[in-house]
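Structure first, commentary second.
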Amino acid sequence: MKIIVEKDYENMSKTTMQLLLGKMYQDKSVHLAITAGSTPKRMYELLVEEMKEKAPLTNVSYYNFDEIPIGDEKYGVTIANLKAMYFDPAGIPEEQIHMLDTKNYLEHDAHLKEVGGLDAILIGIGEDGHFCGNLPGVTKFGDETRLVSVQSRPDMFDILLGEVGGDAEKVPEYYVTMGPKNVMQAKQVILFANGKKKAAIIKKALQGPVTEDIPSSIFQLHPNFTVVLDEEAASELNR
Amino acid sequence: MKIIVEKDYENMSKTTMQLLLGKMYQDKSVHLAITAGSTPKRMYELLVEEMKEKAPLTNVSYYNFDEIPIGDEKYGVTIANLKAMYFDPAGIPEEQIHMLDTKNYLEHDAHLKEVGGLDAILIGIGEDGHFCGNLPGVTKFGDETRLVSVQSRPDMFDILLGEVGGDAEKVPEYYVTMGPKNVMQAKQVILFANGKKKAAIIKKALQGPVTEDIPSSIFQLHPNFTVVLDEEAASELNR
Amino acid sequence: MKIIVEKDYENMSKTTMQLLLGKMYQDKSVHLAITAGSTPKRMYELLVEEMKEKAPLTNVSYYNFDEIPIGDEKYGVTIANLKAMYFDPAGIPEEQIHMLDTKNYLEHDAHLKEVGGLDAILIGIGEDGHFCGNLPGVTKFGDETRLVSVQSRPDMFDILLGEVGGDAEKVPEYYVTMGPKNVMQAKQVILFANGKKKAAIIKKALQGPVTEDIPSSIFQLHPNFTVVLDEEAASELNR
Amino acid sequence: MKIIVEKDYENMSKTTMQLLLGKMYQDKSVHLAITAGSTPKRMYELLVEEMKEKAPLTNVSYYNFDEIPIGDEKYGVTIANLKAMYFDPAGIPEEQIHMLDTKNYLEHDAHLKEVGGLDAILIGIGEDGHFCGNLPGVTKFGDETRLVSVQSRPDMFDILLGEVGGDAEKVPEYYVTMGPKNVMQAKQVILFANGKKKAAIIKKALQGPVTEDIPSSIFQLHPNFTVVLDEEAASELNR
C-alpha cells in the first residue's frame, strides 16, 4: 500500500489526476474503470482542462464499475454522472466508453478478460467502508460482477431512492456492481478520499482488520494499491 | 483462477515444473519462493534432471517462505528439506538462495521489495486449508511475514514436535512464515495438490467462501492464480 | 539476452516447449505467435503429447507471423504447416487461431494492439539471418507488418517457388510478414536453432553488430530475449 | 510510439512531469533515469513544486544515464546539473540517487539488472539525433554502457570543452554513457523536446529510417515509447 497525503482537496484531486494521466500517456491500450460521485468532482474539472487543446487519447478505454438503472431512462445514475462531469466536457468519443449495466454485465467481464484486464480502477470509499456497489452486509470477498437486489438489505430501497432522485417509481429491482474479486484483478487500485468525515473509515479500511464488514479493507492485500488522501481524511492514520 | 487437471501425480509434477521453468528461462532476474514438503518431491526430481548438463540459471533467486528452527542446528526444517530435495542435487549456488529465518524476516521483506517482488510463489495446501505456515485459527488475512508462537494454538506444540522429528527439546518458541498479505504480492501464485485426501479442501478453498477459516481461499482474489491438480485432488470440483 | 544451450535437438525442443507452456499456464489471456518450418518439428510433437488428456487451454490465442499464399488454396504455406504439425493433432479450436494473411494484415496489427500485444513470439533463424519473412536486402528495421513483392529481390521468385512446392503457377505476387518493428513489441522474443549449419549465423546475429544485413541481430536490443540452442548451433559463440 | 503534442513549453513540461509522477505514485520500487540539460528546466521547477508539502516518495530511485567528469571535482557535469535543478531543491535523499560515473559504470548495469531494470528513462534529443551520450559517428546500436574517448571524434574535445565550462585543463579523457542496448531495456522510454530548432530532427528520428546516423531513431522499435512535444518541435511531423 502506498499512501500519499496532500494538504487539501485541490491537491488530492490534482495528484489523483496525475496518476491517471501517467497511465494514459503510454504507447499501449489502457483500460481504466473510474468512479462517479462527489469525491472526483474537482479531479474531473482538472482532467477536462488537461484534455483541451490536445489530440484525443484514443488508446484509452473507460469503464464504469457499477450502475443503478433509473426507471426506463437511457442512462443509469453512474453513466449519467460520468457523462456530465467528464465524458461530455472532455469530448471522449462513445467508442472509448464501455458501459456496464444490468443487462450486459456478463459480457463486461468477458470483454475485460479479453483485453488483458484493467490497468487501473479509481474508487472512492463510503463512510461505511463500501466501494463500488459493495456494501457491508451484502458483500462477500468472493463476489464477482453481479446484480444486487433492492431487497438485499432492509434499507436498500431508501439508499436507491436517494440515488435515483427521490422518485419511488424509478427505484430499480436490481443494480449491478463489480465485486471484490473483479476489482482485485486490476493491475493498480487507486482509492481517494477527502474530508474529516472519511477519517474514521480510512483508518479502519487501511489499518484495521481485513474483513467483509468493511469491504474496502480487502485492498490491503492488493499488490499495487495507491491511496490519495487530504490531510483531514488521513488525520486518524498511524503515520 | 486457472485450474489445470492432470491425470496423475507424475503429470501434475511435470506440469508444475514446466511452469517454473517457463519463469526461469527469461532474460531478467527471476525471484521464486518454493515449497518444501511431500507434494513437490517428484517435481524436484524432474527439475534436478532438467538442470543437469546445462549451464546454471544464474538469473534465478530462490526463497523459502517459512521456517521452523530445530534446536540450534544450522538449518531449519524447510531449508534442510529444500537443500536435500533440490538445492544440493541441482547444484544451486548459495548466493542464489535467500534463506528466511526467525532472525532475518524483516530484512527478507525489505529485500523482496527492493528487487521488485516475487515473480512466483509455489505453495502446497494442507487438509485444513493452510498454506505456508498460515494455519486456521492463527491467521488473519492482513498478516504479514511474522513469528508465530508455539502457544498460538493448543495443538501447536504437537504440530511442531512432528516437524522437528519428535524431540521435544528441539521444539522452538516461534516459527516464521510469510503471511497472506505478502504472498498476495507475488506476481503469480501457483498452488499444486494431489491425491484423494486433498479433494475436499481443494473444493472448499477454490469454490467455497473466501474466509480466514480456510486461509488459502484468499487466492480466489489473486489476479494470476494457477492451480495444478491430479484427477483425485480435483475430483470434488465443479468443472 | 538469455542463452540456454542444450546438448541436442531433443532437449532444445523440450526446453522451448517448456518456455511456451510456462506462458500458457497462466490465469490470463495469452497471445502467442509461433513459427512453422523444420526447427519446431520435434517441439510440436512434444507439445501435442502434453495437450492430450488435459482440458484445452482456452486462454491461449495463436498467431502466425507470416504467410505465403499458394495459388487460390484455402490455406497458405505457414498455416497449412502449423495445422499439420500442431493445431490439428493438438485439437486447437479454430476460434483460438488468428490467421494472418495478405488480405487481413492491417486488422491483424490492430487486433494485437487491442488485446494488449503478444506475450511471446517464437521464431527460427535462417542461415542468412532472416526471421519471419524479413530477408536481408528487403528488410529495414523500421518495417511493420507488410506485403513483400516477389520482385523485391532477384532470387525471390525462386525462394517462393520452393516454398509453394515447385509449381510456378502458384507463386504469389506478394507474401506477408510481421516486420522488425512489430516483432520487437512482443513481451518476450524466443529464438531457437539447432545444428552445425546454424552456428555461424548464430554467432553473427547474437554477438556481431546490430545491422539490417542480419535482420535478427536487432533482438540484441529486445528487453526480454531468450535463445535456446543445441550444442552445435552454439559452437561458435563466445561463452 | 505515442506522440503527445502540447501547445507550448509550459504544457510540454507539465505533461512530462505528470508522466513521471504517474510512475512514482505506485506501491512498488520505481527506478527512473532522468535527463539533465536545458529541456527539463521547467519540468523540474514544476516537479519541485509538487514535492513540497508532501512526505518524500521513498520508493523512487533515481539514476543519471551519462556523466562527464570535470577535472577532479566531486560531481560531474550531469549530476551537478541534476542536483542544482532537482535533487537539492526537492530534498531527494542521497540514498535514493544512484550516480553513474566513469569508475562505477559496470556495477551500475549489474545493479539495474538486480533491481529489475528501469521503469522509465526520460531523455532529450540533440539536433544531431543523439540521446544520452550516444553521438552519431561514435555509436553503434549494439553499444552498452561504456566509456567514450575524447578522441572518438575530431570535434569531441571541443564538445566536451563546452560541457565542462571552457577550461581545457578540465576536459576528461573519457565520459560515460548508457548505450542504445541498455536504454532499450527500460520498460518505458520518454522523449521530450521543444522549439523550432528540434522540428527537423524530430521528424527524422520518429518518422525516418532507423539508422545509426540518427541514434535516437532506434526508439521507433521500443514497445512502450512516449514522445512529448510542443507544437514547434512537432511542426514537421506527418500527423
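As written, the chain order gives the labels A, B, C and D, with residue 1 at the start of each chain.
In the analysis below, a residue touches a chain if its C-beta (ideal position, glycine included) is under 8 Å from a C-beta of that chain, and two chains touch if they have at least 3 such contacts.
A quick note: this is a predicted structure, and the numbers were derived from the prediction, not measured.
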Least hop count linking chain A to chain D through chains in contact: 1
For chain A and chain B, which third chains touch each of them? C, D
Hey, which chain ends up farthest from chain C, C-alpha centres compared? A
Of the chain pairs A-C and B-C, which one is connected by the greater count of C-beta contacts? B-C
Geometric centre distance via CA averages, chain C-chain B, whole Å: 36
Can you work out the whole-Å distance between the CA centroids of chain A and chain C? 42
Touching at least two other chains at once: which residues of chain A meet that condition? 28, 117, 223
Note which residues of chain A are touching chain C in the complex, please. 28-29, 113-117
Residues of chain D touching chain A in their complex? 1-2, 4-7, 11, 15, 17-23, 25-28, 50, 53-55, 59, 188, 223-226, 228, 239
Tell me, which parts of chain C touch chain D in their complex? 117, 140-142, 180-181, 184-187, 209-210, 217-218, 220-223
